[in-house]
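Structure provided below as C-alpha cells; questions to follow.
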Amino acid sequence: MLNMNHKLENIKEKMRTVVEQNDTLRGRVFDYCIQCLIVISIIAFSIDTVRGISETIRFIIGIVDKICVIAFSLEYITRVFIAKKRLKYIFSFYGIIDLLAILPFYLNLFIDLRILRIFRILRLFAAFKLIRYSRAMHRFSIAYSLVKEEFILFFMVSCMLIFISASGIYFFEHEAQPEVFGSVFQSLWWSAITLTTVGYGDTYPITIAGKVFTFFVLMFGVGMITVPAGILASALSRAHIIEKEQYKSKSADEKDI
Amino acid sequence: MLNMNHKLENIKEKMRTVVEQNDTLRGRVFDYCIQCLIVISIIAFSIDTVRGISETIRFIIGIVDKICVIAFSLEYITRVFIAKKRLKYIFSFYGIIDLLAILPFYLNLFIDLRILRIFRILRLFAAFKLIRYSRAMHRFSIAYSLVKEEFILFFMVSCMLIFISASGIYFFEHEAQPEVFGSVFQSLWWSAITLTTVGYGDTYPITIAGKVFTFFVLMFGVGMITVPAGILASALSRAHIIEKEQYKSKSADEKDI
Amino acid sequence: MLNMNHKLENIKEKMRTVVEQNDTLRGRVFDYCIQCLIVISIIAFSIDTVRGISETIRFIIGIVDKICVIAFSLEYITRVFIAKKRLKYIFSFYGIIDLLAILPFYLNLFIDLRILRIFRILRLFAAFKLIRYSRAMHRFSIAYSLVKEEFILFFMVSCMLIFISASGIYFFEHEAQPEVFGSVFQSLWWSAITLTTVGYGDTYPITIAGKVFTFFVLMFGVGMITVPAGILASALSRAHIIEKEQYKSKSADEKDI
Amino acid sequence: MLNMNHKLENIKEKMRTVVEQNDTLRGRVFDYCIQCLIVISIIAFSIDTVRGISETIRFIIGIVDKICVIAFSLEYITRVFIAKKRLKYIFSFYGIIDLLAILPFYLNLFIDLRILRIFRILRLFAAFKLIRYSRAMHRFSIAYSLVKEEFILFFMVSCMLIFISASGIYFFEHEAQPEVFGSVFQSLWWSAITLTTVGYGDTYPITIAGKVFTFFVLMFGVGMITVPAGILASALSRAHIIEKEQYKSKSADEKDI
C-alpha cells in the first residue's frame, strides 16, 4: 500500500515535470501543444460566428471544438490530480480560468452560453506562462508598485473630468439635441469618446456654447491622455535602476556564501 | 463664563478630530459617510436628467436629494462653526465649493439653477481629501513647478498653432464650404478637433489645397500632442530624485536632533 | 554737428531701453501695449471673416484695423531707426515678420491680400519675446540638438510609412471605391488621417483585404505616433542635466574671477 | 592573365569607392543621383495612378520609368559585379530589395505586377544608407534590445485586448447591428479602429450594453496606447548612457595603444 502510494507519487512527480514546468524539453513541448490547441479553438470560435458559412465547415468546427474541449478537460483533470494543494489550484486565478474554458461546453447541453468560450483567450495568457518574459513582467510590476498612487490619482481625476464634461455638455446641448444628449448618462458616452480622442462622429455638439465648452475640455483633456505615458516612462526608468540594484545585492550575497 | 467658553472649545476640539482629521477612526468613518452621500447625490442628479422616468422614481430622487442637501448643510455649518479662522475657511477653495454644493438647492426655490448641482463632484474631490495620495500629489506638484515654464510655452505655441491652422483652413475652404468654414471662429472648431486627433468627421477639408494644408498641419501637430507626455515624464523623474533628497535631508535633520 | 550726432545717439539709446529691452518698467509697458494691439488686431481679423455682421461692426473693425496698422508701422520705423545694424534687423526673422504684418494693408490698396494679415499672429510670438520663458526655450533647444538625428530619422521613416500605406490601400481599394481612392495622392490623404489617428470618417476601406491591411498598418502606426514623446522625454531629461552642468561651470568661472 | 585579373580587381576597387562608400566625393554624388532617381520614379509611379491624365503625360511617365529602371538595372548589375561575396549580396536584405525594384518591370511584359513598383520606396531607405544617421540608428537599436521583452509582452497583451474587445462587442451588438458586427472578424475591425483611437465612425455600438462595454474598454485601452511611449522613453535614456560608456571605453582603449 505504501509502495503503491510511493509509486503514485513518483508518477505525479513525472507528470509535474511535463505539465507544470517548462524548463525541460517535455514541458516545453506540452506547453506548445496546449498553446496551439488554444489558438485553434479561438479561431474555431471566431469562424463559428460568421453567418452564412456552409454546413460542412460548421460540422468541422464542431468536431475541432469537441477535440479541444476534451483535451482541455484532460489537462484540467491532470492539473487537479497532480496539484500538491488541490483546493488552492482550483480556486487560483488560472484554475478558475481553466475551468471556465471547458465549463461552457458542458453547460451548453442545457443552456446557451456560447459566449463564455471567449474565456479561452484568457487561457492563452495562462498558457504562455510568461516565463520567457518574466523579467519584463518583473520590471512592469516594480514600475507599477512605484507609481500605484499616481495611477489611482490619475484615474480619479479622469473620472471626475469625464463626469464634469458630461454634465456640462448635457447642460449646453440637451435642448438642441434631445435625442443624443438626452441625459447625463448619454452625455457620458460622448465624454468618453471625445476625451479618449476616438471621436466616432455619432455624437458631437452643434450649438456654439457646446462647441466652445468642448474646445476648452479638449485643451485640458488632451494633456490628460498623455499623463499615463509620462508616469510609466518615469517609473520604468526607476524600475530598471531598482532591478539592477537587486541583481547586484543578489550577486553580492552569493559571493558572501 | 470662562468655564463655558472652555467647555465650548473642548467640544469644538472633539468635533475637529471627527470632521477635519482623518487619521482617527471616527474621522475616517465621517469622511466615508460624506463621500457616500456625495456619490449618492451625484447618481441622483444623473438619474434626474433622464427623460421619461416615472413619477415614483422622481419622487424618491427628490427625497434623496433633500436628505443629501440637509446633510451637506449641517456639515457646512459645522465646519464654519469649528474653524479656527472662520473667514479663511469660508473664502477658501474648499469652503466655496462646500457652499456652491448646497446653495443651488436654496436658490432653486426662487430660480432654476439645477445645473449648479454638478459642483457636488468638486466636493467629491475635496472629500477624498487626498490624504491617502498626498505623496503622489506632492510629486506631481514638484514636477509641475519644475516644468511650469515649459508647459506655459507649450500652451502658447499650441494656441498659435491652432489659430494659424484655423486661419489657413478658412482661407482654403471658406469658398468651397461656406456653411462649415464660414469664419475663423468656425474654423477654430475644426482646428481643435483635428489637432487633438478627435476627428468627429463633421468638418473636414474637401478641396485639394485644404487637404494638402491639413496634411502638413498634421505632420506638425501630431508631434505637438505628444509633447506634454515628454515634459511630464522628464519632470516626474527629476521630481522623484528631489523628493528622495528632501526625505534624506529630513532624516538627517532628525538625526541631528 | 558732432554734438547733434551725440544727442541723436542719446535719444536712440533712450528709445532702445523702451523698445528693445524689457527689464525696465517702460520697456515692459511698451511690450504689453504692443501685445495688446496684436491680440486686438487678431480678434478684429477674426470677426471680419464672420459673414452677415452689420455694417456698423464692419466699420468699427476697419477703424480698429487702421489704428493697429499705424501703430505697427510706427513701431517698425522706430525699430529700423534705432537698430545698430539696420540691414541686419530688416532681414532678420523678426524684422521680416514685422514687415509682413503691415505690408498687406498697404498692398491691399492695389490687390486683395487680406489673408496675409494672419502673419500678425507670428508677431505675437515675436512680441512675447520669450524673455520670460527663455530658460524653457533654452532647455528645448538643448533637447532638440541632442535628438536632431533621431527626429530626422523618425520623420523619414514616417514619410515612408505614410507613402507605403497609401500605395497599399490604393492597391486594395481603388477598384471598390474609385472616387475616394482614385490615385496614390488621394490615398495619401487617407494615410495621413489614419496614421495620426484623426479618423474623420470621410475615407475608410470597405473591402476585407483593405481592412486587414489597415489593421496591420495601425498595429505598426500607433507605436509610431508615440515615438516623438519617447524621444523628447529622454532628451529633456538629459537637457536638464546639461543645463545644470553649464550653470555649475558658469558659477565656478565666476568664483575664479 | 594574372595581370588582367589584377587590373580587373583594381577597377572593381575603384568602383567600390564610388558605389559602396559614401565618405568620398564621388560616392556621395553617386548616392545623391540614385536617391534622386528613386524619388523621381516614386513620383512617376504616383502620377501614373491618377485617372484621366492626358496621353502625353502618360507617355512621358513611361519614358521616365524606363530610364529609371535601366539606371537601377545597371546599378544592380554593378553591385553584383563588384561584390566581394556575390551570393551574400544577392540574398541580403538590400540585395533582394534592389532586385524587387527592377523585377516588376521585366515581369510586366508577361503579367501585370505594377503594384510591386512600390518596393522602390524601400530602396529609398537603402539608398540613404543611414550613414548620416547611423548614431541615431545605433541608439534606437540599443534601446530596442533593452526593451525587446517589454515590447513583445505589450504586443501580446494588446492582441488579447483587441480580441477580447471584439468578442465582447460581438456579443452585445451582433443582434442590433447584424450587418456591422456580423462576426468576430468584423468586430476585430471595430476593435482596432477604436483602441487605436482612430474612430472612423463607420462602426460603433448603438445598444446601451455595447456602449457601457466600450466605455470600460476605452478606460483601459487609452492607457494601453501610451505604453510604447513610456517604454521607449525609458529605454532611450538608458541607451544614451550605454552609448556614452561604450564611447568612453573605446577612447580608453585607444589611449592604451
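Think of it as A, B, C and D in the order they're written, each chain with its own count starting at 1.
Methods note: contacts are C-beta pairs under 8 Å (C-beta built on N, C-alpha and C of every residue); 3 or more make two chains touch, one makes a residue touch a chain.
Keep in mind that this is a model prediction, so the values were computed, not measured.
Trainee: Could you work out which chain's C-alpha centre is the most distant one from the centre of chain D?
Mentor: For chain D, the chain whose C-alpha mean is farthest off is B.
Trainee: Hey, what angle do you get rotating chain A onto chain B on C-alpha, to the nearest 5 degrees?
Mentor: Here the rotation carrying chain A onto chain B measures out at 90 degrees.
Trainee: Round to the nearest whole Å and give the separation of the Cα centres of chain A and chain D.
Mentor: The mean C-alpha positions of chain A and chain D differ by 31 Å.
Trainee: At what distance in angstrom does the C-alpha mean of chain C lie from that of chain A?
Mentor: Chain centroid spacing, chain A to chain C, equals 43 Å.
Trainee: Of all the residues in chain C, which ones touch at least 2 other chains?
Mentor: 197-201, 226, 229-231, 233-234, 237
Trainee: Can you tell me which positions in chain C touch chain B when the two form their complex?
Mentor: Where chain C meets chain B, its residues are 42, 45-46, 49-51, 115, 118, 121-122, 124-125, 128, 130, 132-133, 135-137, 139-140, 158, 188-189, 192-193, 196-202, 225-226, 228-237, 240.
Trainee: Write out the stretch or stretches of chain D touching chain A in their complex.
Mentor: Going by the criterion above, the answer is residues 147, 149-150, 152-153, 156, 160, 163-164, 167-168, 170-171, 174, 178, 182-185, 194, 197-201, 204, 211, 214-215, 218-219, 221-223, 226-227, 229-234, 237-238.
Trainee: Which part of chain A faces chain C closely enough to touch in the complex?
Mentor: My answer: residues 197-201, 226, 229-230, 233.
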